[in-house]
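Scrolling down, you'll hit the structures one after another.
Next come two complexes built around chain A: one with chain B, the other with chain C.
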Partner chain A sequence: MASRTVAKDIITLRGSAAIVSEFFGYAANSILYNRGVYPEESFAKVKKYGLPMLLTQDEGVKSFITNLTAQLSENEIVGKEWLEAGKLQRVVMVIMSKATKEVLERWNFSIETDSDVVEKGVSREKSDREIMREIQAIMRQIASSITYLPCLDEPCVFDVLAYTDTDVPVPFTWIESDPKLIANPQMVKLHSFDTKIHKVDTLVSYKNDEWDEQ
Partner chain B sequence: MILRTPPPKKQRAEPILHESPSPQVASEGRLVIYEDNPLAAPPPESPHQPSDHLLCTYQCRQMVKADFIDALSNAEKQIRDYQSKLEILNENLSKAEVERKKFRDQFLYAEQELAAAKGREQMLHDQLLKEVNDSQERFKKQLETNNELKGKLQNELNLRKKAESSAASAEEKAADIEGKLTQFSQSIEREKKQLQNELSQLKGESKLSISRISADLERTEFRANSAEKESELLKEQLEDLKKQLNECLNQKSEVEKKMSSFTFQEVTSSESSILIKHLQEELRNYESEVREARKLKSSHEDIELLKAKLLEEKGRRERAESELSKLQEQQICLSNLEKELSLWKLIMKDIPGVSCPEDIPVKFATLQKEVIASTMKIGETNARLKQIEVGLDAAQLAKQNAEAEAALDKEKAEILKSEVKRIELMLSMVTEERNKLSNAINELKRHKNEEAGDEVASGTVVQELESSLAKKESCIKELERSLHEQKEINDRQHNEIKMLHDRLNNEARRIKSLDRETDRLRSEISLLESKLGHGDYSASNTKVLRMVNTLAVDNEAKQTIEALQTELQKTKEKLQALEELKSQSGDTGKLVDSYISEKITKLKEQIATLEKREERYKTVFADRISVFRRACCELFGYKANDYTAQPEISHQVDIFVRKLNSIPAFTANLTVESFNRRTLS
Partner chain C sequence: MDLDKAHTLLTSKTPQFNTSSNFNQAYRQKLIENLSLDSQGRPFKIMVFRGSPKSSRKSIRFVDELRQEVAAIFEKDCKQTPYRCIPKGEKRVLDAPRLRNDYYSNIMSWGMNNMLAVALGHELYLWNSEDQAVHKLLQVRGGNDWPTSVTWSEDARTLAVGYMCSNLQLWDVESSKLIRSLQGHSGRIASTAWNGHILTSGSRDKSIINHDVRAANSLASCIKRHADEVCGLKWSTEGNRLASGGNENLLYIWEASKMSSSKFLHRLSDHCAAVKALAWCPYQNNVLASGGGLSDGCIKIWNTEKGICINNIETKAQICGLEWNRHHKEILSGHGYSIRENQNKLCLWRYPSMTKVGELGNHKSRIINLCQSPDGITVISAGADETLRFWDVFGPPTAGAGNSMVSDLQGLLSFRTSLLR
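Entry: the complex of A and B
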């Protein structure tokens, strides 16, 4: 019988930051597709995490998301990116009504960073396959969230917020903002994944549907 | 035992009396026949027997014979009788022996059963003792665990009291904070009212200033229009006057020429003086007209100044409008501030211990720490609760086991009792049978006086049986005593079990209350988690950044650049127009130039900033594109500079990359073509 011990891969801080930022990119695309923020025909299918993932082909959105992931994992202009420095506390994707700018949904990705790894530069061991499985579970949950999230009937836009430490210098493509909270939201906690250096918890909070309130 | 020796004489005499009357023969049981030999002495074997010699003649002999024969027959009969009786007695003896054997076997069986019962009882006793010891140990352990649980429960109660006291203190603090919040809200409302009053005042002032400015603007416009009309009229007059001046100058030059020609001829005529006077008058007129023209010029300059003032007023009007828009923005900011204030109020209502907005982040941090501490405490209490639950489950299991064992012991005791009863019954039956046997034996004894040896033996056997029965009865009594003691022990154990059961019920109730508290704490934790998940944060160590939409920024930058470029063109056209006017008017354009130069400097500064931004974008783009090109070159092994200028490569790009979406096909085609070219060349 084959060995039952799972082969563990060495994960460094940079590698973990790359995994997390890549996850954000694909998660953002998945949310935009599943919530219908952009039309379905503007997405193309690719294979990632063992699942067929949909990536936007709109140049504007694409560049926005790539700039976002670049800020999270590699920022040549500022000098040190947030994930590697352990300065990033959470990333929030906000979906708002285009007309009224009212916040309808908040996709909250909380990040816990192992301070030992950031300070001492040690590495950890975890199987890549296991991380992929955990991310796959989250992607499936995002796809299945349409069953309980209220329908977005009106045209919507999205925005991305980053909760960072106060001593982080603000890059020129970012500005300080309000947290864009939802009053009396419904919250659903999704799965989390852990690279042993960064732990990402996912939570979606949405505005109570008027039909549900009735 | 049957004695083989003949019975003594007395015994012989009795049967003699009972039996045949032939004394001579029957008395003895033995005949001594007279023999001629008188020396035949009586047998020495019967010393007790008297020697009776029978002397008779032949007749006597015959008589004696007959009597003897009769006696013989009688004796034979008697013997037969005796034999039959013996047989009967033997049968009875055999039966009695068989019965004795049976009873002996039964006694042995009863003894064995008694021994087995004794052994079982001993084993049961030992088991009971062990079980009692085990149950005592378990009860001791349970008592210890119960004491430990009691201690833990007391600790939990103390913790609960502490938590309640802290909650009460927190409520008091919350009440204090609510009061402070109301005060704060009142002060905020006052400030709001003041700000609103100031706003209204500013609005009124701005309206007044706007109305004044508009009135001034209208006046200046009217003045400017009228001045323009006057300037136009004056310009026309100026032109006429200039023409006249030129004509006069021409005439003057002609006249001077003429005068010069006339001086040589020395013609003194009044007409020339008159001409000169006339010309001088005309000159004076022309000079006055020139003065008027200069006045017109100055008025024109004034007009220009008025125009400049108009422009200034227009600028002021625009500034006022911008300030109005700013006012609107301020109003929006005020509304946002009000919303934030309401949010803060809500937050402050939820959070106790906050007196001013600056305390809120600190309080948030303390609250987060408290939440973390409380979650840790909750985790610890959960762990303790789980341990208590495990202990309780173990105690309940032990209790159930003890109850089961007590039930088993009861059943065993009952079984033992039933066995004892059965044994008693058996004993009673055995005693009855013994009595019957003894009676039968006594009867046999009476019947068998002749065979005395056997009955004595049976009597001894019966005595032995009786002694063994007595021993068994004593054993049974001892067993009953032990059973009684075990009953008492069981009763005591039952009472202890009942007490423990009561204690367990109490502890179960306490555990339920603790479960309720844990549920409440879990709900509080979920509430706090929901608040954290909601997006609340502490401003002391967290800030929220928003990514600006680069496309929008680019678009905005492009739009601003385009707007500034159009403005530049307009200002350039204005500059050209003003320069033309300047060329016509001369020094009057200096003031306008200064204003325009200021504007130009501002525009130049804007252009410089935009150019800097463009350069930065270009450098970033250049860096990125160089990296991208390097990556492409390294990946695909090809470097195409200005491929759009080469039609072949652009054609291939259209086919392979844009239509077929296949870069490997494109690179493969390139390699094949380059290979063909090199081989062919």
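Entry: the complex of A and C
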């Protein structure tokens, strides 16, 4: 896209954290929908990022994701939430076989926080529309990932992991975990988006499909 | 999709991140070896989200599982053609003052003559279900003795009454006269069961006695196998097998022809508490249901031919009685004490799946005995709260649906049944 001078918006640390946690909520829903972890009928369309985004209507999943994103952006218990304190390094959505608990897919969202902003409380400038376009690109990529990701043709469950700094106390809605890695995965790097305060990279790694030629 | 871009993305190497100097070389090395994803070079800890503390996390289901559930509900709706409705409340409540709160007694029996015989304390009453007339049959003088077991003979001509002091009496109810007293036991008679002219009694003295009530010397056989009080006794519908349950948690199956030699057919030790509740299945030969006491709480379905347990349900409550539904394939359990569920309740289970159809019960304290009406529609529960509660839970009778039990019954009785209004 040709760059042109666009009016820039002020991004604060809090605003950026909100953008990131909101992104994660929509991305999680999109993954659940596109990977067929939940039936298509249980999703409803909403307009977001200039795209028709699908959100789950299943009460259990809905509250799970809502609570999760609230945790990332607003943690009353911890005091200063992870994104704002720059203590959240990654959020990983892990898709596992329900029967064997084997990890089949890992959606890794790495977060780089501008430490200057965290320490000094400055704000940055970037066009909101620009950020939205970047996110839109990632969402499109998630949707099109089904063209190369192996079929998940068994019942699956998902988990969400958070990689944080070691000094972060574990809230009681989380428990310490292993990384739930895939042995010998295939990896695909997706687009990233940058609010100038938080930079989020997306990577999906998946279990080698037996049919792949190696 | 931009194929060129996609190709680049798929084949390009992932960028290196900045590494921080305070990062342990060996640890980093290990990370790079172990992790298939690049770390940011910072030490981290990983945690997994467990959900909100306020709401419980529902289990995550997959497409097919959800569709299976929908299909199952649909199937259930289709199969449920006769509308199965469990009454919410009792049809009737009778006051039962001084009803003894004793798990081991079997103080209630509903005869084919539509008379309910129930022992309350030292007295024994007859309640006519047709006109609700109450008639006191007997009263025991002296404080140390009382009826502990009451059973109508199959033709309801004779009422067998077993006592605390080991006496066993036969009463003719029409004339309200004592016919004879049978001796043999040395301990209280907790359970009695009729098989034609044979009256079997089980006692705290651990023995089972078969009386032939026609003979002058009635004692036909005495079986000493149980190691504790015999609190459950039931003859099978054909009269070929007897099930006896003891306080030592054992269940014995006896062949009628071989009882005199004390040789049991099966000795079943699966229960972990007293086996008082016994009921033979009306639609399958040789299938028996047994219920365990407080530490057990299991309903076990047995194939008495082979002596194997074919089903087991944990009700988590003391079981004091079991009654099969002759009109629908169900079994009802009556419960006493429980730490968790089903306390003082009656639970209805579908057979043979043993899924719970529902539960009922308003008893304020534990249920002690169950019995059912001759027409198989009503069940009475006798509770320690000194009430007898009538539940029309087994009906409605299926319209002539090849249920031979019902048609036999209607052939037997010359008067109309179930005038419980």
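Criterion: the second predicted complex is superposed on the first by the 208 of 214 C-alpha atoms of A that agree within 3 Å, B and C clash if a C-alpha of one lies under 4 Å from a C-alpha of the other, contacts with A are read in each partner's own complex, and residues count from 1 in each chain.
Basically, a contact is a pair of C-beta atoms (placed from the backbone, for glycine too) under 8 Å apart; a residue touches a chain by one contact, two chains touch by 3 or more.
What you are looking at is a predicted structure, and each value in this text was computed from that prediction instead of being measured.
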{"item": "Fit or clash - chain C, chain B, common chain A", "value": "clash"}
{"item": "Touched partner set for A:S177, first chain B, second chain C, both or neither", "value": "both"}
{"item": "Contacts of A:L203 with chain B and chain C, given as first, second, both or neither", "value": "both"}
{"item": "Contacts of A:C156 with chain B and chain C, given as first, second, both or neither", "value": "second"}
{"item": "Partner chain in contact with A:G60 - chain B first, chain C second, else both or neither", "value": "both"}
{"item": "First, second, both or neither for A:D165, with chain B first and chain C second", "value": "both"}
{"item": "More chain A residues in contact [chain B versus chain C]", "value": "C"}
{"item": "Which superposed partner A:G15 touches (first chain B, second chain C, both, neither)", "value": "neither"}
{"item": "First, second, both or neither for A:P185, with chain B first and chain C second", "value": "both"}
{"item": "Segment of chain C intruding into chain B (one of 21-29, 381-389 or 399-407)", "value": "21-29"}
{"item": "Contacts on chain A seen with chain B and repeated with chain C across the two complexes", "value": "60, 63-64, 67-68, 71, 89, 106, 108, 110, 159-166, 168, 170, 173-182, 185, 187, 189, 203, 205"}
{"item": "Interfacial residue positions of chain A with respect to chain B in the complex", "value": "60, 63-64, 67-68, 71, 76-77, 89, 92, 106, 108, 110, 159-166, 168, 170, 173-182, 185, 187, 189, 203, 205"}
{"item": "Chain A residues touching chain C - in the complex, by the definition given at the top", "value": "36-39, 42, 58-61, 63-64, 67-68, 71, 89-90, 98, 106, 108, 110, 112, 144, 147-148, 154-166, 168, 170, 172-185, 187-190, 203, 205"}
{"item": "Chain A-touching residues of chain C, taken from the complex the two chains share", "value": "1, 9-10, 12, 14, 34-37, 40, 42-53, 55, 57-67"}
{"item": "Touch list for chain B against partner chain A, complex", "value": "530, 533-537, 539-551, 553, 620, 623"}
